[in-house]
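Structures given as structure tokens follow.
What follows is a pair of complexes built around chain A, which joins chain B in one and chain C in the other.
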Partner chain A sequence: MIGPSHLHNHSEAVVSTQSTGNFIKHTKVQVAKISPDLTESVAKEELQQSCDNFFRENIYLAGKSITEKAVERVVDGDTILIYKKSQLILHILLEAKARNKNFRVMVVDSRPDLSGVQSCERLTAAGIPCSYVYINSCTYVMKKVTKVMLAADALLANGYVLGPVGTALIGLISSTYNKPVIVCCETYKFSERVQTDSILYNELADPDSMLKTLNEEDTPVSNWRDCPNTRLVNLVYDTTPPALVSIVITEIAELPCTSAPVVLRRGAVKM
Partner chain B sequence: QWYQRRVTGERRSYVSVVKTINVFRDLICTAEWVTGRELIKIVKCYCKYLPLSQSNETDVSNVVRRILKIIREESVGPEATNSADGISAFFKTDIKPCNLGRSDLQDNILNSIVELLAELDTSKSNIVNMALEHIHSNERILTYGHSNTIRDFLLYGRKARDFEVIVCESGPSLKGHKMAAELSEGGIKTTVIADSAAFAIIHAVNKVIIGTHTIMADGALRATNGVHQVAMAAKFFSVPVIVCAPLYKLSPTHLCSYDPDAFNKVIGPEKMLNFSNANLHSKVLISNPDFDYVPSDLIELFITNTGGHAPSYLYRIISELYHPEDYDLDNMCVEDVEDEMAT
Partner chain C sequence: YQRRVRVGMERYVEEFERKKNNNKDTPIAILAIQVLNDFVSKSDVGTLQQLLEQLKELSTQLKATAGTSNTSVVSGCDLFVRFITLSRGQNDPSSEDILECKGFDRVRKFLMDRGDTFLERLRKSRQKIAQLAYPFITDGVTVLTVNVSRVVLQLLVKAHQKSKKFKVLVTQSEEGPLMVKELNAQGIQATQILDASIGYVMERVSFVLVGAVGVVENGGLINKIGTYPVAVMARSLNKPFYVAVESFKFYRNYPLSQLDLPNDARYEDPEEKNHPEVDFTPPKYINKLFTDLGVLTPSAVSDELMKLYI
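Moving on, here comes the complex of A and B:
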């Protein structure tokens, strides 16, 4: 009979970001709750049902709720800055366009994955005027921006926002130029972990992807593995201090960053 | 014609400055003039032929200002320049006719120009030799993109100290990769990171050492695109930002407007979004600015060929290097305007 410990081995294999970590915790609890006299197929069905419920409540419906709240923040004449590609943020912008709001989007992208290009494609397909810059030019364009909307990969218990690397820089530049920073985050992404810097707990992506150039040229460090003195570090996440974020929009409320432990407490009581 | 050839490669800015000086040396020898004032007028008129209209080519215009200052000093003669801290010189915009004939004046000017060339020649080695005062063992230094001066500064420091360097790759040109390759060949442990990771790692860095394209009159920088946000992140974590640059990059101009044409230069976006995404090129406004404005309050120290200076001291250096009438090279002095109007 499958128990929670069996799941443990499989969950280690899954890339354990904080959000999937919460889902795995939820699933383990469900597995433990299943009564032993059910047959295997019925038990499997129940588990699948609970997984689907988790997805529906915490991801799909939460996304819709966040969209409702965030769309009200978009006003005519806005220039909204977004960073790379996020399903939730794109959904918000497309919904705002569907409600006939008149706004521009500034897409900020960064190497090595350059996922902002896909954001551009989806936004222009919907008819939203876009601009595109690399993160180095963020200070150059920040004057024309009215709002900044960022997505988070996790919200830590001390209010720090874990996001794709570069989010902290954008938060810093935006708050220096006094632009509101809106972070959209579902509650399943909230985490009990605390962190004050980005290095202690992070992930390293494939360093060779940093060598990829658009015209397939070699860069001077292409042979970095042969050079003992050269290292390429491709960080995946970084943490943004709560002072740089204006508001976090979740499906239950719009909160300041520092209210993260309140939401966690509420979630623990529910479970 | 020399000014039509682009100068590239090692010590690019120094080479273009030397070429400028040689052009003006020839001009001083061959043009028709009798007094210092006439020569200054000729030099200022000749400036129009140089690529100075692009406000970005400040090295060249700075060295022209130095030459003009030399001409002014030699025309006035040694007595006036030694008088009372030169304060009287500020109030006298006209140049007293000197007793020197053209050939003597020309010799004096050319000798001073030779001294100027010697000063420029040693400017880089003066900066590099200060490396040991600013780098200590087991430090982690962050640098941005590629700079010949910084590379030599760090390699000189490596001779006596053991330290690590983190290089931001400086997209989309990826000049940071070249810097990392050169540093690691010189025996320095180098790590290349993406520009977006600057905030993530900067708290673990001891200092930020960068080069610049131009130093503005108030101590601000016109530097490579992306330096401003690294400096902001450094300020957030109180990491000192040190700028190494020779004094011919110090320009008596201020930032008047954030307009791209006045300050910045936007280059082609093919390195950001290549033509396989051609359908996006027509629908999306892509910006690829070349420079970045870094305000002076983010900078801790300037290391120049005359030593280390705080940003607040640069105004004094400007008053020593350049004459106020030459700050705007298009400007003609009052007597010349009266002359023009009389004829």
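Moving on, here comes the complex of A and C:
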């Protein structure tokens, strides 16, 4: 018989990022709500149904709503900078292209996963002119950029944006060059946590993926496990302060970053 | 039937024009809301939906005649419609509920009562701002202000009446001389300065106090062109920058740059596009906003707007 504790064990095993955290909370509530009179198969079906609803409302429809709002921000002649690969941002750009807007995209990528390559592939397939740089050359290209669109993994209660590592760097450089930074984030990603730096809470990905070079050669640190003083740290997230973000586009409203806690307080996030 | 409605509206647009010419001191948004209130009482429709549609249509027509103050007309009319259709008075749980009214005449009376309450609140907004904000003007300060603003004027007059001794510098802008004249007539020492000399005077200024054409969703300011450089200058020399604005000027737009403001807000004549009348000051340059809802920080503006709209 499935119970909340059973679910708890399994959810611990799942890589629990902040955005899935809210979904897990939602599912636990649903499990607790299920009437004990129902048979197991009916209960499972109900649970599946509520998960599907969560997905539909908070992810699929929210994404469409955000796309509607964000597409308005893309104007002819824009050069939009994006970082790595985000389904939501790609959706927005493809939609803008479908509405015959004339713009270019600058894809900034970083190791070790280099997911920006896939972004580039999808955008060029749609006929959007793209440029591709590593994050090291971000300052070099920033002059030509007109706006920056970033996706978030979570929005914390003090307005800080949790994103893939490197987002804070992009935010800082964009701010310095006075380019608007647009963060697109569904409300299910809003978190009650407060964090002011990237070290307090973070995740580590596979350190060996940092060893990959373009030529598949051995690097000097290949045998890092044998060296007691050497560790490879592959951080997954970093935090961007709200002062560096111009606007956060959610499915309910377009907000300044500091208003994230207001959304939480007003109970606008459907759990 | 359609034509009869339209002719009815022209009468209200003319009325609005007439009010504008006769009442230079009243905010244009209040005049627009008075016209809308009048329309509610005289309209002959039978359902709430129809009435709301007609109000929306009338607001659009009034906006078209309002020139660059149209942001306040848009925001004021929008707030009016939301306020009168709120189902229950927020602070008065014993007041009648619109959903319990039987027959459209009762509904119409309900809307008119709410409309009168709303107008009464708006009329008092400048007084409230003056009452809240005059303590910020202490003895011996030098206030810098941009162009003419009746809200700022009322605030300074209130401070003067409370026997505060202060000086005012007014930038020439377009109607600076008018502001100087009004202040001097009230016995306040006011000097006019060239817009080009704000760098020169800023070190002697205690704080900057301006009015507003509109306040946008992120707490940024739309005001007479020339306000943005004053804000940047003030920030650069660490002088506080205050805005005195009525809450009906909270405008639902989120510009990220100067060009994000709609054309009819920026230019007197959107077809000809001579020279923009207004500019946009980002919220990071603004310290506090004195409104009839209280003294707010720019990030609180979004909070207030959410309370009203979401």
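The definition used in the following text is that the second predicted complex is superposed on the first by the 266 of 271 C-alpha atoms of A that agree within 3 Å, B and C clash if a C-alpha of one lies under 4 Å from a C-alpha of the other, contacts with A are read in each partner's own complex, and residues count from 1 in each chain.
Going forward, a residue touches a chain if its C-beta (ideal position, glycine included) is under 8 Å from a C-beta of that chain, and two chains touch if they have at least 3 such contacts.
Computed from a predicted model, the values in this text were never measured in an experiment.
**Student:** After the match on chain A, would you call chain B and chain C a fit or a clash?
**Tutor:** Superposition result for chain B and chain C: fit.
**Student:** Give one of first, second, both or neither to describe whether A:172 is in contact with chain B, with chain C, with both, or with none.
**Tutor:** In the superposition, A:172 touches chain B alone.
**Student:** Could you tell me if A:200 is touching chain B, chain C, both of them or neither one (first, second, both, neither)?
**Tutor:** A:200 contacts neither chain B nor chain C.
**Student:** Is A:247 touching the first partner chain B, the second partner chain C, both, or neither of them?
**Tutor:** A:247 contacts chain C only, not chain B.
**Student:** Thinking of the overlay built on chain A, is A:213 touched by chain B (first), by chain C (second), by both, or by neither?
**Tutor:** first
**Student:** Taking the superposition as given, does A:256 touch the first partner, chain B, the second, chain C, both, or neither?
**Tutor:** Only chain C is touched by A:256; chain B is not.
**Student:** Mind telling me which of the two, chain B or chain C, contacts the most residues of chain A?
**Tutor:** Larger number of chain A residues touched: B.
**Student:** Looking at A:139 after the superposition, I want to know if it touches chain B, chain C, both of them or none. Which is it: first, second, both, neither?
**Tutor:** After superposing on A, A:139 lies in contact with chain B but is clear of chain C.
**Student:** I want to verify one number: the closest Cα approach of chain B to chain C after the superposition, in Å.
**Tutor:** 17
**Student:** Quick check on the complex: what are the chain B residues that touch chain A?
**Tutor:** Its residues touching chain A are 169-172, 174, 177-178, 180-185, 187-201, 203-204, 225-226, 228-229, 232-233, 236, 258, 264, 270-274, 277, 280, 283-289, 292-293.
**Student:** What residues on chain A touch chain B, complex-wise?
**Tutor:** My answer: residues 107, 110-112, 117, 120-121, 124, 129-141, 143, 165-166, 168-169, 172-173, 176, 197-199, 202, 210, 213-215, 219-221, 224, 227, 229-235, 238-239.
**Student:** Which positions of chain A touch chain C when the two form their complex?
**Tutor:** Residue positions touching the partner: 73, 147, 180, 182, 243, 246-247, 252-256, 258-259, 262-263, 266, 268.
**Student:** Any idea which chain C residues touch chain A in the complex?
**Tutor:** 217-219, 254, 256-257, 283-284, 298-299, 302-303, 306, 310
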